[in-house]
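One chain, chain A, appears in both complexes that follow, with chain B as partner in the first and chain C in the second.
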Partner chain A sequence: MADLLHVVPEMVLAAGMVLVLLAGFWKLSWTRIWWLAFLVLVADLLFSADFFYPEPQTIFSGMLRVSSFAAVIRMLLIVSGLLTMLLAWIVPTERRASEYYFLLLAMVWGGQWLTLSNHFVSMLVSFEILSITGYLLVNFGFDQRSAEGSLKYFLFGAAATALMIYGASMLYGLTGTLDFASSRMAEQLADADRNLTLIAGLALMAGFLFKIAAAPFHFWAPDVYESLPWPMLALFSTVPKFAGLAALLKVLLSLHAFGLSPVNWTIALGAVATLTLIAGNFAALWQQDTRRLMAWSSVAQSGFMLISLASLSATTGRFLVFYMAAFAAGNFLTVHGLALLEKRTGSGRIDAYAGQGMGSVWSSVALTLGLISLTGLPPVVGFTAKLFLFAGLWEIWQQSGAGVHLILFVFGLLNTVVALFFYLKVPYQLFLKPVSGAIISARDDAGSNLFRIILVVWVLWAFFQPGLLMGWLNNLNFDL
Partner chain B sequence: MINDNHLLYLGALLLCVGLVIVITRRNAIVVLMGIELMLNASNINLVAFDRYFPGQLDGQMLSLFVIIVAVCEAAVGIAIVLRVYHYYDTARPGDLNQLKEHADRNS
Partner chain C sequence: MQDKLITLLILLPLLGAGILLIIPARHKEIFRRGALLVTILQLLIALSMVSRFQPGSAMQLVEHRSWINMDLGTWGIWKADYWVGVDGLSLPLILLSVVVLFFAALAARKIKFKQKGFFVLFLVLDAAVIGSFTAQDLLLFYLFFEFMLLPMYFMIGIWGGPRREYASMKFFLYTLFGSILILIVFIGLYLSGSDPGSASLTHTFGLPYLQDIARYTPGAVLSPDTPGTLGWFTWREWAFLLLLTGFAIKLPAVPLHTWLPDAHVEAPTAVSVLLAALLLKVGGYGIIRVAYPLFPAEAVHFSWLVAGLGVVSILYGAFNSLASKDLKRLIAYSSVSHMGFVLVGIASVTGSGVTGAVFQMVSHGILSAMLFLLAGMLEERTGNRLIENHSGLSSRLPHYTLFVLIAFFASLGLPGFSGFIGELFVLLGAFTAATSTGYVSLTLAFAALGGLILAAGYFLWAIQRMFFGPFAIKADQVRLKDLTFFDVGLLLPLSLFTLVLGVYPQPLLNLINGFTVYWLQLMTTHQP
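Now for the complex of A and B:
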């Protein structure tokens, strides 16, 4: 029972989810249910604030492993959930609000379990919480497009999950254990057959690559993102991605078996990262629809995070976390700006925004800052995150001398240049193109302004004072 | 004679059949059946590996969870297919055409 004390945040969230679901019995307005769900997430955040362990420990007889890494990811997941809820003020989903917010909380909940999981059973169950809530949440547009999006998401996801489970079963056969952090797994993998290990590992990765929208399992992303309302789009590009990457890092570190594995997983991951970057960045260049642009941008950003993962050392975990924090800020700022822009002009196409930047100057400036952060240019945190990521990669290349790190380094930098062209297309239309009709101006409500100010301050502050966050991350023990 | 390896071959065969169904068939319900085959392939694997590790129940445990997960996924999947059928009068993902790359690609 003492183990329960380690998962207090999850239990608080679970109790809150039940409350939100029960609230549906009374005919409450969606704003009340929103406040309830919001307070539940705030409570979850407060309770998660002191779970940074000096030493990782295994709880529930090997099912879960609590560590500082999991605690940081958990906070990122909760903050993403909170920001999604704030976005829901702009584009509210009023029908079936209690179920909607229940599923939103359940998605964050599943992500929290997934980052804690240490055993294929707990991993499978938490992965499915994340997946099934995802399949259902896509439906909440209640129209043709959302039904189509959810069918595509579901079929793709179910097939990828089935492959993942097959990979897990093969690994069980190879090692005789399902606990992927155990020493038995590492010892057995050291003498395992190379081809079987490779097939098992690749099949296992399929599920995670689907979850984080990485190649070759990214085809669902543009269609599904196009069918999503903006808050859900922001949620889908953050929560499953962070949880999936954290779990993928854990699984791959155990497959890597401290370098004893017969397969060179750095090369496999490097290939996946390269493919993802090419697919995401080059497809994004042609997009005119803002949602599809964000989808491909999310694919490309997964590529950058996979580059960081490919070095397969727990120490790059902190660069990955920093990158996630920067990506979340840039992503939410951009989604917020695009949602307001779509509401103001009534169009989701980039060329419809020509010259509209002056209609709501601060909103457009904040959107531009968000896009610059996603691109990775100064003076915003996206630049710092990419700097840390590539500096870490360079260090690893100098230590190991393996060519794959250098290739990833050069390739990542080249792709940053490509990203410049599609991200800055939006500010170009907003500010530099002549306006075609009348400028539609709008005043934003106080909530929008507050949301924007918080995120803008964060992206600027983290650029000028990166030492504060990075210093805090450096003080944590990132052993998994 | 049937030995342990034959069970693993059966699992691999089921996985391949399931994957081929998922890739080639057009109807969402049939694709769902293919996915069930893939999940059962891993169940056969997990139970067959029990012969290698006698006295250890991890494999059976995971296969129980896989069965539960398959049920949940099938329930959600069929609900989604019903919704799609309600809107489009078809359950073929290929016939759904609201979400796609837009034709004009000028930038």
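Now for the complex of A and C:
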């Protein structure tokens, strides 16, 4: 029973989810349900603020493992959920509040479990929570477009999950245990057959790659993103990504078995990261639709995060968390700006925004800052995140001498030039192109301004004082 | 002791930009006046910096504060500092910057729309330029270096000519690509060296630390004792080549120059002035300040390449100038040609060569500002800049012609003007090197000399075609009016500067020489 104390945030969130469902049953108004869901998440955040473990602990007979790493990721997930809630307030798109916010909370909930999981069984269960809520959320528009997106997502997800289960069972066959953090797993893997381990590991990775929209399991992203309302798009590009990456890091570290594994997982991950960067960046170049652009951007960003993951070390794990925090801010800032633009001009095409930057200057400037942060230029936190990521990669290369790190280093940095090209398309239209019709101006409401100011202050502050966040992350025990 | 003058010089424009942001856009005139006020204050600060500067080689007016400091356990401590200072290299360029910024702000009264945005970006660019010239920490330098991109991108892209979108995008992609190459090396240097005076391993971006070979961790990738190679070159040679490429894009050197003519032709006058007079200098400054002292042996090893790039730029730029139909394009290519001399001077690694290179940067800063102002004035009067559309202008625009003659003759290296001194010293350095160390071969030195003749050719030919002969103009809108009082106010001080520097270059040469002596020491003590 004492183990329950470690998952208080999850229990709070679960109780809150039931309340939100009940609120729909009682036919509370949209605003009230929104507030209820928002407060549930706030409570979740408050409760989770107390769980930074000096020593990681395994609980529920090896099913879950609580650690500082999981605690930080959990906070990131909850904050992403909160920002999504705020976006949903600013750009309300969905009237069926109760089910909608229930699913939103469920997604965060699934992510939290996935981050904690320490055993293939608990991992698969939480992975399915995340997936099933995803399938439902994509279909929530109940029109043809969202049906198409949802079906695609579902088929891809089902196949990826199947592969993942297949991989897990093979690993069970190879090692005789489903507890992937156990020493037995590492010992058995050291003597395992190389090809079998490779196939099992790759199959296992498939599910995660699908979740974080990484190549070659990224094809669902543009169609799904296109059918999503903006707040959900932001949620889809953050929560499953963060939880998936965190779990992937844990799983791969155990597959890596302190370097005893017969397979060089760094090379496998490096190949996936390279592929993802190419797919995301180059496909994004041709996009005209803002949602599809964000989808490919999300793929490309997964590539950058995979680069950092490929070094399979705790310190780069810290940089990965920093990168996630930077990416989340840039992503929400961008999504917010694009959503307002779409509301203002009534179009989701980039070329429809020609000359519209002056219609709402602050909104356009904030959007530009968000895009610059995603690109990784100073003076915003995206630059610092990329700097840490690549500096970490260099350090790993210098220590290990493995050429794969150098290749990833150079290739990743050069990809930021490509990224600049498509991220800059939006400010280019906004500010540089002559306006075709009339400039549609709009005054933003207080909520919008507040949302923007918080994120802008964060991206600037974390650029000028990265030592505070990074120092805090470094003081945590990142033993997974 | 912490000096705060440089910080003031950097913060002032940023503060100004912040204040301008709050003022409603309808007060059109306030923005330019605000920017002007900032540049005037900066001029005063720069003068007080000069008065407090002690001749010599040391870095002065230094402010050094800790900025980022993170303990990464077994990876050591990562830190970056806010570290600024000036020496005989930075100070002349700072002076050039504040002067050119002032004149650019004056000339920017031709900006007729969106003044608020323009002058806010102008001030941000101002801070970034000053910051680049003073930063002593590589990360800080890189930030300022990158920070010049966005304002310039928007300044060309919004206020530029018909093909502004293409030109601004090209500018951005080229320079960002270059700065990524620079960043690669900076990260490598950062993790190969360490900060003295701390117990545990401390990685640092401090440029003066990294110039000292003893500070490199043995076995680190960019440590001088590491024999590791990739392909034909050692790691350090690769690093030098990456830095050189990055800065050569900015300079620009042929064949990495193609963004420059487009950017110049499309940019409005004030922006062209900033681009040619200041942004190109950051490229040259980077090579002198960063690339050479950090990789002295590699730099000398590749001096044939640097000199070769320089000579190719001189000749290729000159030939393109000869063939240019557009006056602004002619001036843009002449910039490529003149910046080639900077490369040759650096490559010689001699006292006169390097002093000449820095002098040439200052001189070209003044002259290119003047040339682009003149091109802008012609466009105001006849609505186009095509050389073939103008003839015999001297009969109608005598004062304008006078200033064109001054600027052209000064640029082609007529004795008595600053251009002559810079190129003379560069060539002296090149021939010294050719006869002693061989860093610049004799052929290349003679070829650079040939650039002078070509420069005379394209400038004189342009004068002959446009200003002499029977008066004729093919233009849509002709408002032929000789220089206004305001125009003279822009051009006269610049002419005086180039004349004074040409007749009495000694103070500036002394200032630069203090740095050159120190620089040569750095270069020679670290030779294997």
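One rule holds for everything that comes next: the second predicted complex is superposed on the first by the 477 of 480 C-alpha atoms of A that agree within 3 Å, B and C clash if a C-alpha of one lies under 4 Å from a C-alpha of the other, contacts with A are read in each partner's own complex, and residues count from 1 in each chain.
The working rule: contacts are C-beta pairs under 8 Å (C-beta built on N, C-alpha and C of every residue); 3 or more make two chains touch, one makes a residue touch a chain.
Predicted, not measured: the structure shown is a model, and the values here were computed from it.
Asks: Tell me which partner A:379 touches in the superposition: chain B (first), chain C (second), both or neither.
Replies: Touch partner of A:379: chain C, not chain B.
Asks: On the A-aligned overlay, A:288 touches which partner chain: chain B = first, chain C = second, or both, or neither?
Replies: Only chain B is touched by A:288; chain C is not.
Asks: If you stack the two complexes on chain A, which partner ends up touching A:5: first (chain B), second (chain C), both, or neither?
Replies: neither
Asks: In the overlaid three-chain picture, which partner chain does A:453 touch, first (chain B) or second (chain C), both, or neither?
Replies: neither
Asks: Touching A:18 in the superposition: chain B (first), chain C (second), both, neither?
Replies: In the superposed model, A:18 contacts neither chain B nor chain C.
Asks: Regarding the shared-chain residue A:440, is it in contact with chain B (first), chain C (second), both, or neither?
Replies: In the superposition, A:440 touches no partner, neither chain B nor chain C.
Asks: Return the chain, chain B or chain C, that is in touch with more residues of chain A.
Replies: Partner touching more chain A residues in the overlay: B.
Asks: Which part of chain B faces chain A closely enough to touch in the complex?
Replies: Counting only chain B, the residues touching chain A are 8, 11, 15, 18-19, 22, 28, 31-32, 34-35, 38-39, 41-43, 45-46, 48-49, 52-53, 56, 58-59, 61-62, 65-66, 69, 72-73, 76-77, 80-81, 83-84, 86-88, 93, 96, 98-102, 104-107.
Asks: For a test of understanding, state which residues of chain C touch chain A in their complex under the given definition.
Replies: 67-75, 78, 114, 139, 143, 146-147, 149-150, 154, 157-158, 164-165, 168-169, 172-173, 176-177, 180, 183-184, 187-188, 190-192, 220-221
Asks: If we count contacts the way the header does, which residues on chain A are in touch with chain C in the complex?
Replies: Going through chain A, the ones touching chain C are 315, 318, 358, 372, 377-379, 383, 387, 390-391, 394-395, 397-398, 409-410, 413-414, 416-417, 420-421, 424, 428, 431-433, 465-467, 470-471, 474.
Asks: What residues of chain A sit close enough to touch chain B in their complex?
Replies: Where chain A meets chain B, its residues are 120-121, 124-125, 128, 131-132, 135-136, 139, 143-145, 147-152, 154-155, 158-159, 161-163, 165-166, 168-170, 172-173, 176-178, 222-224, 226-227, 285-286, 288-289, 292, 351, 425.
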